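A short worksheet on the structure shown next.
Chains: A, B, C and D, in written order; residue numbering restarts at 1 for each.
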Amino acid sequence: MRTPEQYKDSLKKMRANVFKFGELISDVTTHPATRATVEGHAQIFEYALKPEYMDVFTTTSSLTGERISRYLSVIRSPDDMMANARMKRRMFNLTGTCTGGRCVGWNAINAMYATTYDMDEKFGTEYHSRMKKWLSQAQKDDITISGALTDPKGDRTKPPSKQDDPDMSLHVVETKDKGIVVKGAKVMICGVAAANEIFVLPGMGYSQVDSDYAVSFVIPRDMEGLTIVEARHPSDLREGEDGFDNPVSMGGITQAYLFFENVFIPDERVFMKGEYEVTQDAVMSFIMPYRSAIGGCVAGQGDVMMGAALLLARANGLSDKPFRETLTKMSINNETTFGMGIAAAAMGRKHPSGVWLSDPLLANVNKVLVATLPYETKVLAQDIGGGIAETGCMPSYKDFKDERYGHLVQKYLKAASPAEERVRAARLIEWLTVGAGIPGCMHGGGSPEGAKLIIRSKTDLEDKVKLARRLAGLDDTEQKE
Amino acid sequence: MRTPEQYKDSLKKMRANVFKFGELISDVTTHPATRATVEGHAQIFEYALKPEYMDVFTTTSSLTGERISRYLSVIRSPDDMMANARMKRRMFNLTGTCTGGRCVGWNAINAMYATTYDMDEKFGTEYHSRMKKWLSQAQKDDITISGALTDPKGDRTKPPSKQDDPDMSLHVVETKDKGIVVKGAKVMICGVAAANEIFVLPGMGYSQVDSDYAVSFVIPRDMEGLTIVEARHPSDLREGEDGFDNPVSMGGITQAYLFFENVFIPDERVFMKGEYEVTQDAVMSFIMPYRSAIGGCVAGQGDVMMGAALLLARANGLSDKPFRETLTKMSINNETTFGMGIAAAAMGRKHPSGVWLSDPLLANVNKVLVATLPYETKVLAQDIGGGIAETGCMPSYKDFKDERYGHLVQKYLKAASPAEERVRAARLIEWLTVGAGIPGCMHGGGSPEGAKLIIRSKTDLEDKVKLARRLAGLDDTEQKE
Amino acid sequence: MRTPEQYKDSLKKMRANVFKFGELISDVTTHPATRATVEGHAQIFEYALKPEYMDVFTTTSSLTGERISRYLSVIRSPDDMMANARMKRRMFNLTGTCTGGRCVGWNAINAMYATTYDMDEKFGTEYHSRMKKWLSQAQKDDITISGALTDPKGDRTKPPSKQDDPDMSLHVVETKDKGIVVKGAKVMICGVAAANEIFVLPGMGYSQVDSDYAVSFVIPRDMEGLTIVEARHPSDLREGEDGFDNPVSMGGITQAYLFFENVFIPDERVFMKGEYEVTQDAVMSFIMPYRSAIGGCVAGQGDVMMGAALLLARANGLSDKPFRETLTKMSINNETTFGMGIAAAAMGRKHPSGVWLSDPLLANVNKVLVATLPYETKVLAQDIGGGIAETGCMPSYKDFKDERYGHLVQKYLKAASPAEERVRAARLIEWLTVGAGIPGCMHGGGSPEGAKLIIRSKTDLEDKVKLARRLAGLDDTEQKE
Amino acid sequence: MRTPEQYKDSLKKMRANVFKFGELISDVTTHPATRATVEGHAQIFEYALKPEYMDVFTTTSSLTGERISRYLSVIRSPDDMMANARMKRRMFNLTGTCTGGRCVGWNAINAMYATTYDMDEKFGTEYHSRMKKWLSQAQKDDITISGALTDPKGDRTKPPSKQDDPDMSLHVVETKDKGIVVKGAKVMICGVAAANEIFVLPGMGYSQVDSDYAVSFVIPRDMEGLTIVEARHPSDLREGEDGFDNPVSMGGITQAYLFFENVFIPDERVFMKGEYEVTQDAVMSFIMPYRSAIGGCVAGQGDVMMGAALLLARANGLSDKPFRETLTKMSINNETTFGMGIAAAAMGRKHPSGVWLSDPLLANVNKVLVATLPYETKVLAQDIGGGIAETGCMPSYKDFKDERYGHLVQKYLKAASPAEERVRAARLIEWLTVGAGIPGCMHGGGSPEGAKLIIRSKTDLEDKVKLARRLAGLDDTEQKE
């Protein structure tokens, strides 16, 4: 398994194809726009090598029997799925934010592991063995893989082939001798700057007429024809600053737009091509582990919010006592999203390929909770932290150090702790709640509205009406069942 | 395993010692005050014999290898604990309410199974083998056991021995040759009228000076010296009425007060006597499975609320569509409490005795959720149901059938369904939300405030502060860990 | 102005036409089913005579200049409307529940005061002077008037004339020389047993084809042809019991069904007949004051819940301190619904007739708040009160006094207060939260869904989009406005 | 009254004493860090001159009878106070955010108008006439005044004189012939860069030993000895960018730290000096109007959030329908905080000086609502807006316009609207919810915890217990009251 240094070296060697602010980023490991997320992802390698964290961050490959990064494993049991939620919670603890350049890729691997199995069973294709081969090598090379369900979908009331612009979803534009050529885009992909490869799968279910859109493959991040533009996020310009106004250097979230301009994919990296019949299942297989594990993510950030709030309250010179009820509420929020992910894992089922699929009802309930509870936790962190934390209402690092009046800033910001400690704690809360540390947990992995649709479809209302009729004495036949 | 009829016969044979409204109830299986809860409990026996429900309601005894009621089993694994939550959800589906005369006893068995093991290890006593013997016989006889953590505790700022009245907690008043004599009371015990035996254990942790209060035992419900007075509950007088104003006959909840006036307990039924050191653990071992499984209970009642609300909306002549969002919210509430119980089971640990103990943090988070979410679900059921459901605002059954004006009542209550169907649906919602079907889920098994205390003690705040310090760059030592 | 005794005497003299449980109630002032609500309404007369409450309960007639009951006044200013909310809060304080037999009638008077004015302006009718004449006399006689927006409406997707049964809304079936004959029903009318007269107006807007349904009038409660059946409510059978299990004797809520079987209404009591064009406005004029003042009602009950919860907590032997946050939350809920009613009054407008109309947006926002916040307040009251309050889990009064074991009940229910005080406090919470004291605040005066429809129609979304476009720099024309 | 240009000219003429990022800002009207807030404040002058807005933005001076800016008026009636809430709502509509450089000063004027009156009555001083003189001139000159309750208070468990550093609250360090010299700081003062003068009053109640801290005065913003350092806020570096990534140019919020280094205040501008006895009242008189009007502020921003969310949803190609319930919820939140401010105004009382004081209970309830409801509104705006709005997940303006790949960004961001319109709408939501437009509504004007303390003190719990005792039949004396 790779060391953090080997991981970073691998990124350095890649072709520069990532842009931000109109600038081509020559080295993602050192450029201000991307270095923090690379540092965050590097911690995965660092902790995987620590004996006390090995159980969380690594596991045994079901393909090779070797010890591998958990992020490259096939999830085969409830325990594997719970370990997923635990690892993500831990990663948020260690980085303060999302390391999405690995988790989405991992979901993609598992979704397509099951889907390639189904395709081979159904159509006699050889995608599954092809995928196993690639995955064994990926595990051996210990690479970082981000994932992309393709968008942007254009006018959502119409299928891809009915769009004014056929590129509104990614599609095959040419079939060549030893591969395919694809065109389109992925908007909003997390952590791609920290990835070695990108795993692509369809973003929704398609029908026959759209079979060119039924395509899945994996490519190096620096593939010819692929252009990557990093999106903005709150306070992103601070990342180029010195000092502590951008308080976290061990983690950071980036989101990017991918533009595929006639990219060639060799056959051995293609895992679906035209099999529209399985696209809906592929999406669902992707969604379930994602939506159960995301509860661990937000709980992990919630842990940090609790700690930061308490740290600042103490720096403000206040005792813990008045915040007890509020901290308990934060803890309840954290454990509820974490726990619902555990429950979705426990209530799941095994796919014939061996992949463990979380329970869709509980996973989607969790998605809705993730779209509400962490927001309350944020507000509570700001409530405890006081005015300086709420909007980061403190002079800048430069002002803090200014020769003319920096001593005044420090004099009046000092409370129970030295001014710098108080400022750092407040900047951390700012970063977590209105700054660069905010993960896109409302819409990441799909919107809460989409989750509610699945909840509806998985809630058997007629069965519940039957229960009511039986109890109300309304159905003799029912009563005798 | 017993049939429902055998179960009811066993109750009929017992000594009459249950009172309500100043009246001694001669037969709990037929008296209006208790028959509904007996019918509810009888369904456990009915469904245990159905092949399609066998997995839910029965299991294999870890003591004898025989098939037994799950309610008499030792919970030995996460799966056992999850089956607990599932069974309780199903029982609420089948009865509309709580069958507490079994579940509390079951928790008591498991708590004392672990505690007797600990005592024997620590003190060289023989409680554990004594308990196994009794339990094997109980499993064989397939009896119904309710449970009692003794109260009422009096002035809660003082321990039992400092109370003005020494009987404020149950205690040993005399040790005899072959047994002990106890005095005191249990206030609010659920479903005791439907039980064959009662399992008693301490209601809180005691210190040495209160060792007379450290006592646990199991007795027949009709023991000499034990007087039982049933408490009231909403609309309880309707239980003596004919007609459909008390809509549910297949289930009902009762709660009683037990008065022990120098009751003799033979030694073979005594499982603790003076070992104050383990009382705190006994209580905690009781609380954990209780507070995780209770999420299944309220989810099960929530299922019925959803069904009843939709049934009534349709009877009111409305389509399902405007209620979609509300029903989804109800479903989210149900699955959240159910799921958190599953998670507490999954994250638990094995006690050396073999008992599986749910995770205390998640179990207590669930207790707090159970004290809030089901109340929202109730309000939503009333929201959907309309005015007639909200407070049961319909003329009585007698008026419905009155010769003079009953036809008018029926004429004007008819909507999309016949008047009777609409009334029965509305009466069911009334029963569930402001009537006799309400389980005491706020304080049953302890108050939410108590749960918050445990949440606090199980939430490692200092660890979270450390995470925050590390991210904020505040602790060089921490960063190098 | 009348004394309470004169008021009760007036009820005694009326023809018996109220039924419950198949029984004709010969005297509503003494029968268990109705006496409590009569006592509640009697307090209005009692307090109107107390100098310190005169400002709340009485005002000066705009018609005669005499001092009259506020419940019979024309609401002419924001201050009048705020006094409405304050009086209702006070009445809930004094009775613990709703005295709907006056407030709905008062709303009806005001709605039709405005509507008759409009009709006379528009159609040259003489309804307004007719109404003034009747109202002057009503003020002089100081009578109690309940109000009825007619239902039950049948299949709500169809107008009255398209119903299978033409009687599904109240309608004129015959026009006679000196009056009209009406047929139909009103389901769920509050406090009618305590009323001298009943004011009827249309329950929704009608079109021309349904002009027979456009009818409004006022009649004595004991009019020939009118049959009244009281509906049930939670624990209503306790009202016939002795002792303190039905703890409140100074107030009580009743709801009834009215059946009009060809009732003759003399012309001088008819205030609308066929003018379908104004029916929608009449309903809206009714709804606005109702939905703003109802916030005072639930705040008044919330006051009692706070007091009862604290009373019981103290009786349980607990200090106030741990409940501080919860009590503050209850107070916030109370003041929010009360305050929103005040705001709706302040933001209202004057109708040409002189009637003050509350702001429809704020009034309907309050209706939605009333359908949520008081439910939370209830749950908090149960939270503070503990297990005995939650479902009234205490032995009955008969058991409390039983010669054989009543001393045991009392011994073990005693805590910081004597057992009876503790029981009475707990019974009060039971009565308020799951008992006979529950007002129908979710659907009373229309459902929250209906309120949301009005909120939508009164929220100018396009104006808000304009504000956003302007700020986002999207509309040059807008920017230059 | 001044034109926007005259207002800006007055700022240009002032001495430069505002710093940010270590840089002295030579012209606050053009510097990126302050120009947006100046533009926001300039709109007050612009709209005050528009006939259709005159009633909102101006009023008649109670001192001179001249038409003046409402922001310089003495609030003398409920209507004045409601106009306050309405003006603030409108200002948030026009600027998208807070123009705190006027509202806090206005509150300070009113608080000290009442307090100087009290001091003159009590101590025979002449502060009130001195203040009237200054205020008349301020009204005539139509100046902009920000306000400062002095902090930072240091260790909050100790009074100022017990602090290690005596400067932890602002205090008089020397009394001179014609004035006083003060030292200390104000941390977090809103909009001071847009102000002509600053009104200072005590930040809490003091006792005799701290009488040097009992000081109030008003000074020009550019006074000698006063140094101002602007604090950071989310994404503040974008304010120096071109393009639409910082979408709002018509408004902006700034918060600063003031450092008073032995500043001389001439006597005619001193309104309190040593009268510690009135400091508590001064603070309370400041808080009440602030906490009721702030509901208008957040409602005004909520209006923009609704508009922006709907604008973006339409740009995303979606119909309004699925968002109806969510928009209604947002509207309810907006109107609840707005309405509670109106209610606090309506229920207020007149101070002997003529100042109208809002009701403290309702005003503080509103403060707590303002600390919760707008946060939910934000989350709902993000929910409707979709992933690009949540964290502003779109490439930068530079990337949008890039010659190499800008066309790709635009191609794939186009949906129902051109890409730029969609981006601007999303950037506006970002700005409002996680960007530079966030007002500090949680802690601005004091924390919600402080508000809860006042709610507690203004909630008469014993009176509520009395109500409960009376209803429960527990107090014969009470019943006979």
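By our rule, a residue touches a chain if its C-beta (ideal position, glycine included) is under 8 Å from a C-beta of that chain, and two chains touch if they have at least 3 such contacts.
Computed from a predicted structure; not experimentally measured.
**Q** So which chain is the furthest away from chain A, centre to centre on CA atoms?
**A** Following the centroid criterion, the farthest chain would be C.
**Q** Please decide if copies chain C and chain D contact each other with the same set of residue positions, more than half shared, or with different positions, and reply same or different.
**A** Both copies, chain C as well as chain D, present the same residues to each other, with over half of the numbers appearing on both sides.
**Q** Roughly how far is chain A from chain C, centre to centre by C-alpha average, rounded to an integer in Å?
**A** That pair's centroid distance is 52 Å.
**Q** Take the average of all CA coordinates in chain A, do the same for chain B, and state the distance between these two points in whole angstrom.
**A** Between these chains, centre-to-centre, one finds 40 Å.
**Q** Hey, how far is the Cα centre of chain B from the one of chain C, in Å?
**A** Here the centre of chain C sits 38 Å away from the centre of chain B.
**Q** Could you check chain C for residues that touch two or more other chains and list them?
**A** Chain C, residues with two or more chain partners: 325.
**Q** Have a look at which chains touch which and call the overall pattern line, ring, star, complete or other.
**A** Shape of the chain contacts: a ring, since each chain touches exactly two and the loop closes.
**Q** Going by the touch definition at the top, which pairs of chains touch each other?
**A** A-B, A-D, B-C, C-D
**Q** Of all residues in chain A, which touch chain D in the complex?
**A** Residues 19-22, 152, 154-157, 165, 167-168, 185, 187-188, 227, 229-238, 245, 255, 257, 259, 261, 316-318, 322, 371-372, 375-376, 379, 382-383, 386-388, 390-396, 398-399, 401-402, 405, 408-409, 411-413, 415-416, 430, 434-435, 438, 440, 442-444, 447-449.
**Q** Spell out the residues on chain D that touch chain C in their complex, using ranges where they run on.
**A** 78, 82, 93-96, 244, 247-251, 303-304, 306-308, 310-311, 320, 324-325, 327-328, 331-332, 335-336, 338-347, 361-362, 365-366, 368-369, 421, 424-425, 427-428, 452, 455-456, 459, 461, 463-474
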